[in-house]
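Below: a set of structures, written as structure tokens.
One chain, chain A, appears in both complexes that follow, with chain B as partner in the first and chain C in the second.
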Partner chain A sequence: MKTTVATVRRTRPLHAAAVATAVLASLGLSACSGGGSGDSADGTVHLSFSWWGDATRAKSTEAAIKVFEKAHPKIKVSTTYAQFGPYNQKLATQMAGGGAPDLIQIDWGNQSQYAQSNTLMDLSSGPAKVDFSGLDPKFAGSGKSGDKQVALPFGQATQSVVVDVTKLKSLGVPVPKPGWTWNDVASFGKAVHDKSHGKVSGITDPGITWAAFQSWLDQRGTSLYTKDGELGFTQADLEGFWNFCDALRKSGAATPANQTTTFSNGPAEDPLAKGTTVAEWDYDSIYASHAAANKDQLALLPLPSVNGKTGMYAKPSMLLSVYAGSKHPKEAAELLGFLINDPKAAKALGTSRGMFPNLKARASQAADATGGDKVVSDFEKANQAGLSPTPTAPPKGDGQLITLMQREYGSISFGQESVKAGAKDFMTQAKQALAK
Partner chain B sequence: MSSTAKLDVRPPRPPTAGRAPGRAKNSRGFADRTAGYVFLLPWFAGLAVFTVGPLLYSLYLSFTDYSLLQSPHWVGLANFREMFTSDPRFFHAARVTLVYVVVSVPVKLALALGVALLLNRRRRGIGVYRSLFYLPSLLGTSVAVALVWRSLFAQGGAVSDGLSSIGLPKTDFINSTTWALPAIILLACWQFGAPMVIFLAGLKQIPSELYDAVDVDGAGKWGRFRHITLPLLSPVIFFNVLLETINSFQAFTPSFIISNGTGGPADSTLFYTLYLYQRGFTDFRFGYASAMAWVLLAAVAILTALMFRVSRVWVFYGDGDNR
Partner chain C sequence: MSHTAKRTSRRTSRRTTERTGSLLWHVVVIVVVLIVIYPVIWMLGTSFKPATEIVTSNSPWPLHWTLHDFTSGWSANPGVTFGRFFVNSLVISVLAVVGTLFSCSLAAYAFSRLTFRGRSVMFAGMVATILLPYHVLIVPQYAIFKTFGWINTDLPLVAPKFLATEAFFIFLMVQFMRGVPREIDEAARIDGCGPYRTFLWVLLPLTRPALITSSIFSFIWTWNDFFTQLVYLNDKSKFTVPIGLSLFVDQTGMTSYGPMMAMSVLALLPVFLFFLAFQRLLVDGATSSGLKG
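== the complex of A and B ==
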């Protein structure tokens, strides 16, 4: 008896200490910085290069890096990659801790944020000078912040709708034609839903997609942001879009809420890959990944239009920057130049990041493209004429609005909120996010 | 032993031959202590650099608008004010976490105690069973198990298919606002191994004479449990409740992995820590995230103090000074 008591008693201070440590540990929000790049004694330069994407993109990127290393035996490149969301979180931490890789792939939505904190090198002059005269100057301008060229586009993408041709054939629903309208989307979706006896939806609900809303606005003569980086649309605009999507979903034309949320898991796990939908909004630069995740034959369609206007534009699918803290800006710039200009890089990369930046290399790439790359090149060529002008780089906070859109429309589609209430919440929180 | 030794709660000293009395003894003690502290120095250094330092820094950051990329500016109590007045997700996250704690802790501990009672007997191969039941808690906090859990409960996963084979409707648990949180709670309950081992140790400490005594009094199985096991185990139960509660408030990995970092679907698995993480790493508001961490610390500290207070009523230490 006594022994029991004594044992438990004696452990108490110790366990109080354990409790204290456990709680304290939860507060350890310290940022750990990654290691910089080291050099060998023989003069070999070690570069680090990080990017986001999936296994399909990894393969083509590794192939391009191999070609570069062969041409530059004194440079060794180590690469890391992750999914879009985690990648950006990790990069932000690395930037803050001063340990970011030499060459980094950045998202257009984060460009302003990094440029303003002076973490990106100027690529137009100085140690990290890159020759980008082979790019369309307007398109190269998307990587500008003030008068500094802080980034260069690593691929040109356009908004599209990926459709599953095989499944449509088996259901007996014709593939929609370019020039289709939003009403066509509704009737097409309904037809798929009915013919499949409710098992398959016509389209992945676009209501969660920020960029789909961007095109919707452009078709109606407005935009996401004003020139000063404030919201360029009203609550009524957002309600209009969501009301349409809401009706699509309720009629069965668009995917139900629990499937729509898996859209952000990427092409390998989204509703199109699972076969619960036959069409999905996405950038054409993701086509290769969709094709890899899907046994069926896929095709690309332009976005549904209003009075012939699709609101599609040439978007830098991603950009490349040299980290301001890099010890080897010259070599990093060399790799960057290779990745956006060299025809050999174009051949290795294919369309895994959209159309190749250098125009000459792009033309030769398009000429001998096969398979998925051909689908993308043909799609780009067919739609080039009707593109809207590329907007200026989105303001700081854009990344937050992407997730805010998913969250608010998620609540609406799960039936927890009305469209009106969701749109109101969105406007309040979006203004907060942009003000920070 | 002498009468003074009885009152001495410290463990008996090893006999030291020819120890010098008086000052010499003290200086010897001083030397011992110094040596002790010297040996502890690496630990102290680690504590200062990796725990106390960041801790104090995060306290400072909680009063700033630190955005990770730009240096912090003092904003006073603005973060705390925003949290409690104009951040609906803050309260939502607190609610989700509370549900998780209130459901998972009792269920997990009941399971742990139940299995511990079953395993508390002499039998062939009992060690194997104990290890088997303990195994999940070794794996539990890992990312891998959370991933496995996700695919088990997702659409087309083993659980959904299994249930549909016995006639229940196919459910995509992970992407359902109703079932995502219960799936995560189930994962927590499955990892009852650690408290189970502690319960087992506690059960082994209960003297068998007491059971013999109640048997003589004619108590049944329930009586044995109710009048002997439960009271004598109460300090161990308290220990487990406390530890599990504090741990549960800090649960992060399962919701982060299972919801793909979103806390979805529609924020139904938005744990407090996950929201904190989002505020820091996706919204780049480290000042706000730090403030949230301190609010969590304060809440858990108050709760712990309360639990100690209440424990006086129901925890039986059996040494007479129990009130």
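== the complex of A and C ==
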């Protein structure tokens, strides 16, 4: 089954954030008129709904909308979709120009920004009240900004390590077991490197991945951001992570710099797909794409742990919000509630956005899962208990730090900079990005 | 005797060096062309490859030919085919060309031939708009078109072209018209032409090369324009080719390369044909405007 993937991968285009920032900052909130939808004389309400994704996701989403329209004959929904990067640029323009759709799919990284400019409605009370009691309250809390529920998760993803089982078998290296530690990563990687005579690395270098660093910090009791949206870690923390990765790479356990840089191009062009590595950090929602890009048998492993703590958490792969300028907040909220709660929606939507938000519907969906979907839902079930609480939404500027991490670690791994100098650069630039 | 023999041999040797020289030259040129054209060949080859072969095979040419990419790409989006996108793109591009030619040539005529108060200030202002980055304009424009109720129609894409908003083309035409000697205008005036007829019968035919250049660029730019079309068009049935192509690229997952390349090949065709048809006119126009200078 072709499943498209939910979580935004490691690169989040800077543009979108930059445009959105500029646009929202310059205009403030000019959103006074409605969401660009009108009413017919016969009382039919016209809603607009937009999301990002490709044609496959469009098919499943439109199927879900049809089910909703059948149950609500007085509501007509017009949908629109685009690719992730352009979608966010368009949304920023629409928000600033006062013409965003009634129901919007938003990215977690943009949530704080839109919440601050008051463009999203409160979903816990008022006209756009949604019943989200069927969701894990900690997970639903990811859509909170202050005490306002500005968004609700539209899919759940969790961090994982994708491993190539076939290749490990042929090399004679055992597949690591859940509960493995960072030291196990080093020895496992070295074994793969030696058995393949240096042709294959054990793991794609995690040093460029912002979210891998996030779990590393969580294992040590700190976090990426404080509650006020400032950096929650010190330069020494970052140096610790990078020193470990640097040693991994130098020993051959992790991929060399030129291969690591291809990691952000998507599963089809990853080192894992090219066969130059046997393990790779990624969100489990991307699993289907890895499986499609790879002929070998793959499996999902939890992240390496420290004292049994993996630092994995339930991440909203995307969220749904009702636009503050919507003329029909009640109907938009009704559609939102349907899309995150109803088992019929779960059936139509499939897993293209990650695990379904409503727990009951998720369980029934998991019971019918086959193939890659089954791998992911089994993985989620096995790790549900050990998950760390979902952190609050990342502050504005998070997207820039993702690329900053890639750039700084890139120059370290290419040998242009020492770990210490790179970490120092990162800290100064990150503080500037967050202060904007 | 020996003298003539020597001369002929020298002549043939010169001829052979000439021939090897030109042969070498052609080889170099062909190699350069192959390098430049490789992405196009790759795109063409990929569009006939089955999905599994695209990432695995390094050969630009398919091992197993298939038309599947074309059929699946054509109907990849639910409820609407790529044909619809082509029609939409074509309508917008043709209207943009018509609008640009009509409005920009009139504006250029005014700037280059008519004298009116504030002409140089307005001309400077017009040129200055070239310097405005697009991202500064998009939000105010969006707000204006929204109050007009033009969102999700072709109007925001086409109407501005009829109002001479493309300063670059005005500038191009003004420069061209300035090159046409004023004596021709005067001759026309003596024959009884007013400003309108001078424009229509004298200046317009003489600026044909500039008009053709403008139409080529205006067509290609509109055909390839992505962001404006994305921002203003919401309904799938109103989408254009660039939007349709972008939907194949899924940054968060799999990119359907085959169908995307197949549709890209089709998307290149109109631009290619348009250029082919107008390029001849362009050269023609440049040689026939012998009146200049």
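Note that in this section the second predicted complex is superposed on the first by the 294 of 436 C-alpha atoms of A that agree within 3 Å, B and C clash if a C-alpha of one lies under 4 Å from a C-alpha of the other, contacts with A are read in each partner's own complex, and residues count from 1 in each chain.
Note that in this section a contact is a pair of C-beta atoms (placed from the backbone, for glycine too) under 8 Å apart; a residue touches a chain by one contact, two chains touch by 3 or more.
As the structure is a prediction and not an experimental result, all values here were calculated from the model.
Visitor: Once chain A of both complexes is superposed, is A:Asp54 in touch with chain B (first), chain C (second), both, or neither?
Guide: In the superposed model, A:Asp54 contacts chain C only, not chain B.
Visitor: Looking at the overlay, does A:Ala96 come into contact with chain B only (first), chain C only (second), both, or neither?
Guide: both
Visitor: In the superposed arrangement, which partner chain does A:Ala433 touch: chain B (first), chain C (second), both, or neither?
Guide: first
Visitor: Scan A:Gln416 for contacts with chain B and chain C and give back first, second, both or neither.
Guide: The answer is first: A:Gln416 touches chain B but not chain C.
Visitor: Tell me which partner A:Lys148 touches in the superposition: chain B (first), chain C (second), both or neither.
Guide: Neither partner.
Visitor: Which partner does A:Gln400 contact after superposing on A: first (chain B), second (chain C), both, neither?
Guide: After superposition on chain A, A:Gln400 lies in contact with chain B alone.
Visitor: So, does A:His46 touch the first partner chain B, the second partner chain C, both, or neither?
Guide: Neither chain B nor chain C is touched by A:His46.
Visitor: Given the touch rule stated above, what does A:Ser117 touch, chain B (first), chain C (second), both, or neither?
Guide: Touch status of A:Ser117: first partner only.
Visitor: Check whether A:Gln259 is in contact with chain B, with chain C, with both or with neither, and answer first, second, both or neither.
Guide: In the superposed model, A:Gln259 contacts chain B only, not chain C.
Visitor: Quick check on my understanding: which residues of chain A belong to both its chain B contact set and its chain C contact set?
Guide: Looking at chain A, the two contact sets intersect at 2-9, 11, 19, 22-23, 26-27, 30, 85-86, 89, 93, 96.
Visitor: Over in the complex, which chain C residues touch chain A? Could you list them?
Guide: On the chain C side, the touching residues are 55, 76-79, 135, 138-139, 142-143, 146, 151-152, 226-227, 230-231, 234-236, 243, 246-256.
Visitor: Any idea which chain A residues touch chain C in the complex?
Guide: 2-9, 11, 19, 22-23, 26-27, 30, 33, 36, 48, 50, 52-55, 58-59, 62, 78-86, 89-90, 93-94, 96-99, 101, 266-268, 273, 286, 288-289, 292-293
Visitor: For chain B, which residues are in contact with chain A within the complex?
Guide: Residues of chain B touching chain A: 9, 50-51, 53-55, 57-58, 61, 65, 67-70, 88, 155-156, 172, 175-177, 202, 205-207, 210, 232, 235-236, 239, 242-243, 246-247, 250, 260-262, 264-267, 273, 280-286, 289-290, 293-294, 296-297, 300-301, 304, 317-319.
Visitor: Can you tell me which positions in chain A touch chain B when the two form their complex?
Guide: Spelled out, the residues of chain A in touch with chain B are 1-11, 15, 18-19, 21-31, 85-86, 88-89, 92-93, 95-96, 113-114, 116-117, 119, 257-259, 261-262, 264-265, 274, 399-400, 403, 406-407, 410-411, 413-414, 416, 425, 433, 436.
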